[in-house]
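Across the two complexes that follow, chain A remains constant while its partner is chain B and subsequently chain C.
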Partner chain A sequence: MTMASEVHLKIDGIAVTVPTGTLLVEAAKQAQKHIPVYCYHEKLGPAGLCRVCLVEVEGMPKLQIGCNTVATEGMVVHTQNAKVDDGRRAILEFLLLNHPLDCPICDKGGECDLQDYVMAYGQDSSRVIDGKESKPKAVDLGPTIVLDEERCIVCQRCVRFDELITHERSLVVKDRGAHDIIATATDQPYVSQFSGNVTELCPVGALTSKTYRFLSRKWDNHRAVGSCAQCSVGCGINVDVRQGAITRTMSIPEDVTSDGWLCDRGRYVISFGDDQRRLRTPLYRHREQLVQVTWDDAIGLWAQALQASASPQRVAALGGGRLMNAEILQLQALFRSFGTPHLDWRVGRSQQAGAGRATASLAELDRAQAIIVVGVPPSQSAPVLDLAIRKAVFRHKAQLISVGPFGAGSSVPQQRAARIDEVAGLLPDGTERIVFVWDGIDPQLGREIANLRTQWSTHGRSAGVLVATTLSNAWGAEALGMHPSFGPGYQPLASSGLDTAGIFAAGRAGELDVLSFHGANPVLTWHDASIVREALARIPFVVATDLFLTQTSELATLVLPVASAFERNGTMTNLFGQARPIEAGLPVPDGALSDSEVLVALAQALKIALPDAASLTSLEERALEAARIAPLDCGAEQLAGRRLAPDRPGLQLALAANVFAGGGTTAHDTRIEALRPLPTATLEPATAQRLGFVAGTLVDLHAGAASVKNLTLRLDASLAPDTIALVADLPQAPANLLFGSEPLRLEATRVLEEVAA
Partner chain B sequence: MSAIKPVLTKGIGELNLRDLEVYRSEGGYVQFERALKELTPAAVLDMTTRSGLRGRGGAGFPTGKKWSFLPNDGRPRYMVCNCDEAEPGTFKDHMLLEETPHQVLEGILLGAYGIGSHHAFIYIRGEFRRGYEIFRAALDQARAAGYVGSNLFGTGYDLELTIHRGAGAYICGEETALLNSLEGKRGEPRLKPPFPALQGLYQMPTVVNNVETLASLPHILRNGPEWFAQVGPERSPGYKIVSISGHVKRPGNYEVALGTSMRTLIDECAGGMRDGRKFMAVQPGGASSACLFEEHLDLSYDFDTIAKAGSMIGSGAMVVFDDTTDFVKAAHAVVRFFAHESCGQCTPCREGGNWISRTLTRILDGRGVPSDIEVLKSAGHQMTGLNLCALGDSVEPFLASVLHRFEDQFRAYVTAPQAAVA
Partner chain C sequence: MSNQAISTLEPVPDFAVLAAGLQDEFRALIAQYEDSRSALLPIIHRFQEAEGYVSPQAMQVSAELLNLPLAVVESTVSFYTLFFRKPVGKYMLQVCRNLSCALNGAEEIMAQFRERLGVGHLETTDDGLFSYEEVECLAACDKAPCMQVNLDFVYHLTPDLVDALLAGIRNGTYTDTPPLPQRAKPERSWHVAQDTGKKAAGALGVSNPNAPGGIGDASGRAALQRIVDDTAVGARTHERLVREGQAGTLHPGKDAHERH
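Right after this comes the complex of A and B.
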């Protein structure tokens, strides 16, 4: 017997037709009827706990819960009548029995489902004589979240998010009955990359973000709708602003890219914009000192330096991966018009081998039979992508394989492979749909992925590639022409310019007069800090556009304060190759300009005509379209043979990623202090034992004359043996000082007392 | 004692039925061997259905019908024996476990075979340490004798049994909370649908049956389903152990044919009321059941008759109250129990139970007010029928029945508090 694909029913007298299997809560939406819910959530499914969603189904003696009752043919449902109203009123009365009268001081006030439903369906007087049960009001659940136990209505949305979406299972319900409370399973702090989502899921004010507590009320916020610019996913985001400052960011539930979630980086790195250290005026190096200059002087000095250069061949520009699509087009147009071919966006560690050539859609990831994570786990570079991977693994039974020294993510069952050529052996026959998620760091691995793809395509296997990075617009930067070999849309150029490595080499050799960085910090992020420093020391005129004095901009000749992604409109292109809208929640602060304004001013000074707004828009569309169908491997031959690091004997250095590392926005956001990674060195337990180190030891790591000091030793069984992992891009412990082939030496300074005791 | 018909309890107190040989000499394991060698699982299911056996764990659901819900989809199936027995007033299952462990075991094995399961479980209440040890010893004997394990009696049929001990929560007797607990999860009931028959233990088709239900199977097979079906009322047939407690002379377990009158149970089995005391009320089915009174005593003790009278026989636990009873205190004890044992998942049970319990505590403390009576009536009523599992619906019946009958006792507390407390 085949099941009909649709059923017909009546809800409050309105005939509706819904797909077979539809729950009444969802079916009611079709009839424009609202069934109140607490525990039910579209993405978490029914739980049947709160019982507020009561409806009457004709023919059933008891009220039914709309969240777990499936619509059937001919059903007659009432979402509002005397019986339903009585049931709902009863539930709301129960919920209020011990609920504190906190509304006037509760962060959820104005957007609280308890407040709203009591107003809509509840009664206005209380029958309670006994005092309310008092419980702890500000339980510190972890670095980000505070729990008010009195306000909790035990809907378990937070617990189920932690179980069904992140699969981390650290939140639990403890005790029972009226003593039920939310806690962590281990009584350890609630630490998750995605913790902030529980504050949005919580229907009441029980879970609040430390960054938002008592900061604003819903009605005092005004809201800009756009996309997060903190990594390559570009999650849809609501930016709430009050009195010129961002109070919070919130997810957009219906956003497909993020599935309605945000990671804690996107949610909590929001206060850097008004940090005291924010640059508010151009700075020019005069007698070794950076001194304030006017914008006119600054642009004039830069134009002068460019015009004074003997040849455009002695000029280079790096960066763009954090700019808007239109700004990238302006940037490459300006320098190409000026005549310089040396443009590259790839200023992260090494020659990132072509983010823009990545081809896979979110849908393909979702449907993949196998997902192969190569390099650093995406949970630390593009966190919400990792939720999509977890979903594919848990809901759609995708096989997860991680290649390299790291596990793909602790909460997901996975297979491990040391090298890419081991992957094929792990795939069962019949695996046809595969997606690689690559960190884009080691060009050699990029080459191997490309080879495997070619090989597989003749066997009926299709493999997409996603390059997950913390750069918000890497895809756009490459596809729109910040590349030494390609113009916008991967248009091949007659002759290639120097790539980043070539540019630094030329700088060290004294072959460059002017180098500009556009939102880039290679002194911290390039795989070898010494090369960058040496280059900067030899190049007479170095320009940096940035929000702060970073490890790189502090060495520049000219520092130009620019606007953040929260302060300008435009589009960025995410790792799926989709243009995502960015909307300014705030104006550009006094003293700063947007990158676009900077480029326009420089073009004027150089008498270069930049494309106007309309032609930028059409150019952007055409270039992105062309980039989406460009072959993945174009230009890959350039990369063949390049190695990220020379062979080194003994212990190998692995660079781990952490979303809160970096020398820019995260380092200048005082409200995320607790989230920033501490300097650690990680060893696999057996390796640590062999080397004679215990967890908690304070160590220094040396390579030749260079060292990184005061690292706390951690053990992690998911790390490959004979490897030491340092968090990359940490200003207080820059791992890129240790680049090279000299053997690594680990030296204990002392054992931390509390661990040793 | 004419009412008493020992079937399940036969030999208890006379023979050492814990010993495999003794149990065997009484015909033990013959039915299991016969079933495996001569009967198909479908035949065992058919006999169970025809016997009319209804579940002895509380809900009285027809056992054969429950088994027949399992889908034929090739997935493994599990038989789970519910020995969590924690309903106040019920004390028959652990007696069976301790006194005739092999009868329980044979029942589980037959039940498992009847549903085509190769792995059975028994969930034993944590406090039943003695019962657990006795049952374990019996299991070891049975395994050594070839009744549990692989290729039983050379038929090729494999059947394993796992013992799981609870950790002290009444709610873990509810079948889906039990399954969660068995899986190592928090013991809270699951949202239904899906029902255990489709997604039970480890998401596989599962039947949960009470100890007494399963222990009845060897007898049904031995004597035939008709033998069982012709005892007692047509739709509520068979033998049943009734745990009688309270203000009677001889509290204890009595096995009777269903359909025996409550008066007979109290007067003949349990020896009547304490000397000089007058019968006031009886809970026919443990703490969850509403009280019945003098006018009900001649009713037939069976599932349907007692349900029709507004109560239930549940797992067969009669709690008898005489005229010394303070029904406010009794109601407080019952409500406090359920409030304490609520898992807290769902709103009405978590909040309503606690509210009523606190109100009764305050009334007993002498701080009641007249409006409390109204709250007791309506709060109990409004939390019923809205819960995720039956525990939440268990708060009201006793309270409402005694409040209705003995409202004056409650009023006395709230109008002249000091006097009443004294």
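Right after this comes the complex of A and C.
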């Protein structure tokens, strides 16, 4: 007997047809009937724990749970009748037995499923005469989450999220019956890059975000619906604003790009806009001091400096990876119209942002038989992409191979390869669908990926590529013309300008008059800090548009305060090549302008005509379309044959990424103190033993005359041997001071007492 | 009182020695199952047999052996009343307080244990011989009221049987179940507090539900006393207790007396 692919059933008298295997709770949606659920969740599946989804199925003596009963042919289901109502009322009374009913002080009030369902299906009074179970009300689960054990109804959505989605399994239920609680292992805090999602999954007010506790009511929030601008994934987000401040960001469950999840950076780095240190007026360097000037004066000074330059060849502009697509187009149009060819978006370690027509789709990643993570893994730079990888690995049994000094996330089983050419040997026969996830840092690796793809294509293997970085609009900047050799849409230019390295070299040689940074902080992020500082010291007029005085903007001649991504509308191009909408939740603060307004003002002062809004839109569309069919290595052309770092004898330096590093927004968000990475140096245990270091030692790392001090030594078995890993872009320990070929020297300054004892 | 049971105990070896000695046994256990996680319960049982309780190190080693997060091991161990997460007496007395046993006189049995031992729920006697716990259904409803002594069943409990059992253990004539090993004298309470040590102080009413006399201590004398003392339900409960001839042992509250 073959199984029919569809079954027909009646729900509250409405005939529905659903695929075989559909659960009643899903089938009811087709009949537009609502079945209340707590433990059931579309992405977590049924658990059968809460019993609130009771329905009557004719022919079955007892009420059945809608979340775990499969629709069968001819079934007659009632989601609303006296028997069902009675059952639900009893379940809700049971769930409220020990519930504190502290809705007036509960953050979930107004958006709580328990509150809503008790109003809809429950009874208005309690029959309980005994005291309620008393449990801890504010358990500090970890750096981000507080647990109210009394409110918890033990639906285990959080536990199942931790098991089925992140595969980290640090949340569990402890004890039993009325005493059971959500907990971590003894003395271990709940630490996860995705911890905030449990607060959204929680159907009651048990799990709350520390950043949102007692801050706002749902109905006091105004909501902007857009995308996150904090890494290259561009997850859909809801931005909730109350009285001119962002109270929280929440995921969009239907969003395909993020699969409805957010990482903790996207969720918690929201308060920097209100920081006291936010720039509110243009600053101009006068007698070594930065003094406040008006916008008119600031734009005038900039225009004057540009016009005073002997030649547009002595002008350069860097950045754009954090601007909107339209702003990037304006930026490159302005400087190209002015006559300068020296434009580049590459101000950090990323050297290539797009993968052109080789770009894998999310569906291809999901269906891949093998995923090859090359370089800095997305778990460090674009966390939600790592969730998609975990899904492919755990649910669809994709094989994960990581190439480079770091593993691809510790909770995921993987094979390790030191070099790309080892990868082919690790792939089993019959592996046809492959996706590379590359950090875009080492052009040499990019070329090897391209070669492997070409080689494989003749063997029937297809390999897509995704370039994952923390820079939100890197591909937009590259594809829309912030590139020394290409205009928008990778249109080759008649003659190439200088790339970032060339611009800094020219600056150091005294060959530049004006250099502007547009949302860039290369003193902290460029792989060699010293050349940037030397160049800035020699260039007479340096402009920086930024939200704060960063390591770079504090050295500028002119600092222009601009709007953050929460304060302006536009689009950004994510790593899948999609233009993601960014919606302003807040107005541009007084005293600041958006980058677009700054560029328009400068263009006016220079009497340069910029494209209007309509032509920017069509130009953006055409350029991104061209970007999606461009060759894989288009963005890397300039770098062919160049090595990023000179060879270094002995211990090798590996730079890890961290989504909470950086000198801008994350450094100026006082509410994420606990999430910011500490300055650490990581060694593989055997290497540490050979060098004679133990975990917890305070060390200084020297290369020649440069050094990074006060690093706490950690051991990590997943790191490659003979390698020392530092977190890049960390203001208090800038790893880019150590660039060069001089051997690394590790020096212990102090052994932490608790470790030594 | 004879301390024969105590003097015949062998010392528990150091944990590292113990774990090393059990490695082969564990490997064989793990090999029996398709999914290595299935070996968790037998391994934990084996540790408890050897140490007298499930120590934090035992949970850590089990987690490493089976490649499970420690949280998962702790979750499993905390679910079962047959695992003791703190050092306990040499005889663990677990009396059922659930429905069938309660209907068959478990309340009286529990009251008797508490009185004879001088301890309450989740406590150990001062001599370290007995630990006492009132547990949920032990799945022997047909032989209610029932209990377990070191996880071995004793059925059809009566007050006389309780006295005979305690006397037998004290004078060394009770041989049905061997004593648990014991490294050192256990503390009086073996209740495992919820892990809120490093966590923020609660806003309101943080209490320990499992503590003797706490709200979770629902079965024993304290709970009955609460019901009897409650003016709202006291009358009805007292009536029943008088009918069943138990009222005298429970010292009903003053109000309840006066109403009758």
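Keep this in mind: the second predicted complex is superposed on the first by the 741 of 757 C-alpha atoms of A that agree within 3 Å, B and C clash if a C-alpha of one lies under 4 Å from a C-alpha of the other, contacts with A are read in each partner's own complex, and residues count from 1 in each chain.
To be clear about the criterion, a contact is a pair of C-beta atoms (placed from the backbone, for glycine too) under 8 Å apart; a residue touches a chain by one contact, two chains touch by 3 or more.
All values reported here derive from a predicted model rather than from experimental measurement.
The superposed arrangement places chain B and chain C in clashing positions on chain A. In the superposed model, A:K135 makes contact with chain C only, not with chain B.
Looking at the shared chain after the overlay, A:F94 reaches chain B, while chain C stays out of its contact range.
Legend: residue contacts after superposition of the two complexes on their common chain; A:E625 is shown touching neither chain B nor chain C. After overlaying the two complexes on the shared chain, residue contacts for A:D86 are found with chain B alone; chain C is out of touch.
When the shared chain is aligned, chain B comes close enough to touch A:G48, but chain C does not.
In the superposed model, A:K62 makes contact with chain B only, not with chain C.
By the document's definition of touching, of the two partners only chain B reaches A:R127; chain C does not. Once the two complexes are overlaid on the shared chain, A:A183 sits against chain C while remaining clear of chain B. Once the two complexes are laid over each other on the shared chain, residue contacts for A:E747 go to neither chain B nor chain C. In the three-chain superposition model, chain A touches both chain B and chain C at residues 129, 133, 172-173, 175-179. Interface residues of chain C facing chain A in the complex, by the touch rule stated above, are 56, 68-72, 74-75, 78-79, 136, 194-207, 209-210, 215-216, 230, 232-233. Within the complex formed with chain B, the chain A residues making contact are 46-52, 54, 62-63, 68, 86-87, 90-91, 93-95, 97-98, 127-130, 133, 153-154, 156, 172-173, 175-180.
Of all residues in chain A, those touching chain C in their complex are 129, 131-141, 146, 149, 168-179, 181, 183-189.
For chain B in complex with chain A, the touching residues are 169, 171, 186, 191, 193, 339-348, 350-355, 358-359, 362, 369, 371-372, 375, 382-383, 385-388.
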